[in-house]
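Take a look at the structures listed below.
Below are two complexes that have subunit A in common, paired first with subunit B and then with subunit C.
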Partner chain A sequence: MKNTKPGRAAQFFRRGKWVDYTFLLPAVLFIVILMIYPMWYSIDMGFRDVTLKNFVSGEQPFVWFKNFEAVLNDRFFTNALNNTFIFVIVCLVFHFLFGFAFALYFNKTFKGAKWMRALLLIAWMNPTVITGAIFEWILAGDIGILNYVLTSFGIIPEAINFLSNARTALGSIIFANIWVGIPFNMIILLSGLQGIPDELYESAVIDGAGAWRKFRYITWPMMLPTISVLFLLGFIYTFKVFDLIYAMTKGGPANSSQILSYYAYEKSFTMFRFGEGAAASNISFLIIIVLALIYVRISQKEGVAA
Partner chain B sequence: MKKLLIVLLAMAVLFSATACSPGAAPSGTSTPSEPAASGGEASSAAGGDALALWHYWNSDLQQGLLKDLVDGYKAETGVKIEVSYIPYGEYMQKILVSAAGNVMPELFLYDANTTATLVEAGVLADITAQVERSGIMKNVLPYSVQEHSVGDKVYGFPCYSNCVAFFYRTDLIETPPETWSELYATAKEVATSDMYGFAMAGEGEDGVFQFLPFVWSAGADLDNIAAPGAVEALDMLSRMISEGLMSKDTVTNSQEDARVLFETGRAAMMLNGPWNIPPLQENAPDMQWDITLIPRADNGEFTSILGGESFGIGNGADVEGIWGFVEYVMEPERYSQFLKDIGQLPADTELAKDPYYQDDPINKIFIDQLLVARPRAYGPQYNEMSKAIQTAMGLAMGGQESAEDALKEAAETITPMYEAFFGS
Partner chain C sequence: MTLHHFRRRYGKALQSVLGLVIVLVYLFPIYWMITSSLKTSGEVFANPPTFFPKEIYWGNYISQLQNSNLYLYLKNSFVISVCSMIGGILLAAPASYALARKQIRGIGVIMFAIIIIQMVPSNSLVLPLYAMFSKACLTDSYIGVILANITSSLPFVVLLLRTAFLNVPQGLEDAAAIDGCTNWGTFFRVMLPLTLPSLLTCAAFAFIFAWGELLYALVLLPNQTYWPITLGMRTFISQYGTDWGGLMATAAITSTPILLIFIFTQKHIVGGITAGSVKG
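Let's look at the complex of A and B:
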């Protein structure tokens, strides 16, 4: 029997923790350089006076909360904030309703189910800029197909200029974004549904439960963890939506479909007020973090199983 | 807890690192042999002593002509120029980022109306001395020179100019309108349930681009965008929209959309520029149309607005080195041929006298219109002024506010900026 006492070199490398950290190093480096540093740079820029004059060269003095004040006092910011909340809440509600409906439908296996599910996924996989361009053409007043169909069937007397009318512009981008997000919700909810053991349903049937009671007392409670994750993710994704607005309305007409992400973009890249744009982004970031924290507190409290 | 501490520590280290530095990149001269700054497709002045030329032209024709010039210059002088294409959408960002990284191209294409913005950012080099010496701007339209200057220093020179003119259907309209009242009357007369009287762009900068000639014609300007003349202009256009003489989609129409309406017979008159003539001729070869000057205010003058593309030299780049190429390109015969090949109009009044332009009925109108075309030379905050006008146009054309109220709101934003730049 060989006495396998490890040599000096092998002993050094067996110091467990160091080896572990070395394996972590590439990932940590990646996150620090590509995520934490840009985030920090952006947060920092929100507190400095950065405009065209000093962006390329020159001093960028620390101005504490001046940028935040300027942004919060801007009525266009308040407008964008309101629009963003309307946008997010309406989208979330309809994403969930339609997503759940489709998920329930596809929970049963029937002929062609797999194909239909794949087709529905296209809505979500399509590059959003292209989706935006397509919806722009569909909803156009003069050349749009939706108006053509509606007026031909006499459903509406004359064309509605969905994207040119300040009253309908926000509704139009909400409409487009709902279409984009339904498949994602459906997939997540479907996998949640399929995780519910059949025996629960079988025993419920034995006890004489109808469809509604099955849903209310089995499906819904078992789905709660999935649903809460979905709402959190959905909120974050919808809050960040940018390309759809860029492709469809660019926040117009007259800022009626302006949302926070596009507002911050305009401030930085069209008006070159980089400091204020960063401040707007920081406020956006803060809102999301607060929400995420609330979610974590709630799910810890309720002891929701993963 | 321990992990949180480590993360906070790391962030504190980063923070102190950025706080110690004086801020953004230090100002200074760049050396042409520095490698490209940010990772990306275009490389700036590459290795060796090649000079860098950046552009965003994406047609084979334009790129081919550029290559011919560069190759010709190399054959004559042996100086190598590296041409880089950057898509238009990323162009401005690329310029600013490269400037921050202190690597500027020797020569680059840019939108003349952003001159003040780029000067403010320290991106454009002062070429007043070189321009004086070579005299390449001595015959250029005065408004164009103004567009390329800040104060009395010149920072760029035009590659070509264009402007906006008035198109109309000759089979539907016998005498084109000359004044705003006539424009309204003609539109009313000729509009049908399938066809609008008049089409123009109303979206974003395109919209402001086409609206400003109306403002100027009435004698108003951005010092007070709520002046009666401007209000009258916006009010007339809004009325035409609400009465169905212009599309309700005007607010989301680009200049291209306006052309589409015209060429599909859904509009009898339109405002547009020469760049939309080739597609118009291709898509509607049998349509009978002609162009004329943009209708003026009833007691105003004919005006138009300057567009076009220009060249600038990077601040800190090798000005003298690239100036040889500039003089080569601007040599009258070569430059004149280049303009004809690329299908654009000269900003140079002497070159405009060429029969090629004077004898062609369409080009002649544009050349005449160029003489009264004014620039958007309102300083580095022009984008914000434009946004305020876009908002006003959206509100008035959408019928949410009266033209007067909408423009008054815009004036609150614009007038202070105007006075800041020009000094009231």
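Let's look at the complex of A and C:
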């Protein structure tokens, strides 16, 4: 023990091993100070009574689970939680269905397939606030194009004010978010499809398999690891959507389109109940961490991740 | 000609046509943004709506460009995005090189932490960052929002660049060491030039993330002087009520840098999305 310790340290400095760590140091410091410490800060704040008065300076009394109790008993929290699950599940289903259909279609080798794929990504790359503004315009009450199309085909009797109607507001945001997420799903699924060896299909054709059987017995099982990872990632990404809601409805009318991310924001930054806001954000943080751990586990097991 | 022959001869062309139709229908919202921005206010409100503008009308753009606030917001967006991009790359590049090539203790823990941290949304970080920055007087400044933006892109960029460094042949590094390059020398003179395409992809991603960012700006910047365009354009909405033509012009102007970057880096970006999110 006495011999190895100074030996190691000497080796570390004399052989210049320490230089290796200088590469890592700035990023690690940044992550610790501006990401890990804030996470701890947020957890801690969830257990303290923090309001506008004692936010910057002053005593922040430790109140155990009072904030969590307050949040869990808040009917707007339950409302936001329900909305979050509707929002996430509907988005994920349609992201996957359209994403997979697009991936299967654009995986073929026709002329222009490559740049068409890339073109579709514009929807995903564009700032979400812009997308929100565009959909606000498309869905606008009396003069929006969607209302024009729906009324002139007689699908709805008269124009609906989609974004200021409590029954359609959340659906409108879901609609916009489905549009945003399709290309991402397509790209991930495409990379999965391209990883399936052609020989599998060739031998299936020799065995006389048709398109459906090829899909059912080769494509689907080979894609399952990618699909499970995609659903987890999709859950995490959809769960944290904020910009679209801010741009389109601000959670309204009457909280009908509020999801957890927006609820936590409102608690902290419009009601200034920082302790409760932190508690609400810790609850969603916990959900995300659990999912992230499952994600790492699955992707390691399936060898999808490095 | 039987159906079979027809499909054989024209099948691929038909697929291309159908593909194009899918793309056009899907991208209709983008088209609608552009056409609406090129219509006179009378035509924007016309019922039935016109699919093509009767004549190209630049008035919306001219009036938006005469708004001095627009320049302020665009300038702020550029400052914030460019600095976030440079800061993110400067931090990430050496770290991802070390993670790819150096024998470092606890590398598994660091990789694991980075993958998990990448999932942490800005919604969870914004409150503690706001508290910390309030105490450090970093709210209402470029620095605070830039630091916050880097938290969104850093883990992603590290993971992406690490894959790039892993793909550089070991021999090149050894040759540089034999020629007397120091550790950092090898990094700057050999590794960075070899991974330039990946670096540019990461820079593009970091810029795009920061350009579209809203939440940090909303919380950390109470004062209009530092607002980026994503935040500033919301003021045009309440200001003009329903000037959709003007709003779509602003939206189109704001999308332009993203579209330009995308056109030039599209091939790499497609690869980057899969590498960054699935392969981790």
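Simple rule for what comes next: the second predicted complex is superposed on the first by the 263 of 306 C-alpha atoms of A that agree within 3 Å, B and C clash if a C-alpha of one lies under 4 Å from a C-alpha of the other, contacts with A are read in each partner's own complex, and residues count from 1 in each chain.
The rule is simple: a residue touches a chain if its C-beta (ideal position, glycine included) is under 8 Å from a C-beta of that chain, and two chains touch if they have at least 3 such contacts.
Everything numeric here is computed off the predicted structure, so don't read it as measured data.
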Clash or fit: subunit B against subunit C, after overlaying the two structures on subunit A? clash
Give one of first, second, both or neither to describe whether A:F55 is in contact with subunit B, with subunit C, with both, or with none. both
Scan A:K240 for contacts with subunit B and subunit C and give back first, second, both or neither. second
Go through the superposed model and pick first if A:I36 touches only subunit B, second if only subunit C, both, or neither. both
Which partner, subunit B or subunit C, touches more subunit A residues: C
Of the two partner chains, subunit B (first) and subunit C (second), which one does A:L163 touch, if any: first, second, both, or neither? first
Of the two partner chains, subunit B (first) and subunit C (second), which one does A:A140 touch, if any: first, second, both, or neither? both
Quick check on the superposed pair: does A:F269 touch subunit B, subunit C, both, or neither? Answer first, second, both or neither. both
Taking the superposition as given, does A:P253 touch the first partner, subunit B, the second, subunit C, both, or neither? first
Name the contact category of A:G277: first (subunit B only), second (subunit C only), both, or neither. second
Offending stretch of subunit C which, after superposing on A, collides with subunit B (from 6-14, 24-32 or 222-230): 222-230
Indicate the residue numbers of subunit A shared between its subunit B interface and its subunit C interface, in ascending order. 36-37, 41, 55-56, 140, 143, 269
Touch list for subunit A against partner subunit B, complex: 32, 36-37, 40-41, 44, 48, 50, 52-61, 136, 140-143, 159, 161, 163-166, 249-250, 252-256, 266, 269-272
Residue positions on subunit C within touch of subunit A in the complex are 12-13, 15-16, 18-20, 22-23, 26-27, 29-30, 32-33, 36, 44-45, 47-49, 90-92, 94-95, 97-99, 102-104, 110, 112-117, 119-132, 134-135, 147-148, 150-151, 154-155, 158, 162-163, 166, 182-184, 187, 208, 211-212, 214-215, 218-219, 230, 233-234, 237, 242, 244, 247-248, 251, 254-255, 258-259, 262, 266-267, 269-270, 273-274, 277-280
With touch defined as at the start, can you tell me which subunit A residues reach subunit C in the complex? 16, 19-24, 26-28, 30-31, 34-39, 41-42, 45, 55-56, 102, 105-106, 108-113, 116-123, 125-131, 133-135, 137-138, 140, 143, 145, 148, 152, 179, 182, 184, 187-188, 191, 226, 229-230, 233, 236, 239-240, 242-243, 246-247, 261, 264-265, 268-269, 274, 277-278, 281-282, 284-285, 288-289, 291-293, 295-296, 299, 304-306
Given the complex with subunit A, which residues does subunit B contribute to the contact? 10-11, 14-15, 18, 22-28, 92-93, 96, 99-100, 117, 120-123, 203-204, 247-252, 260-261, 266, 380-381, 383-384, 387, 390-395, 397-398, 400
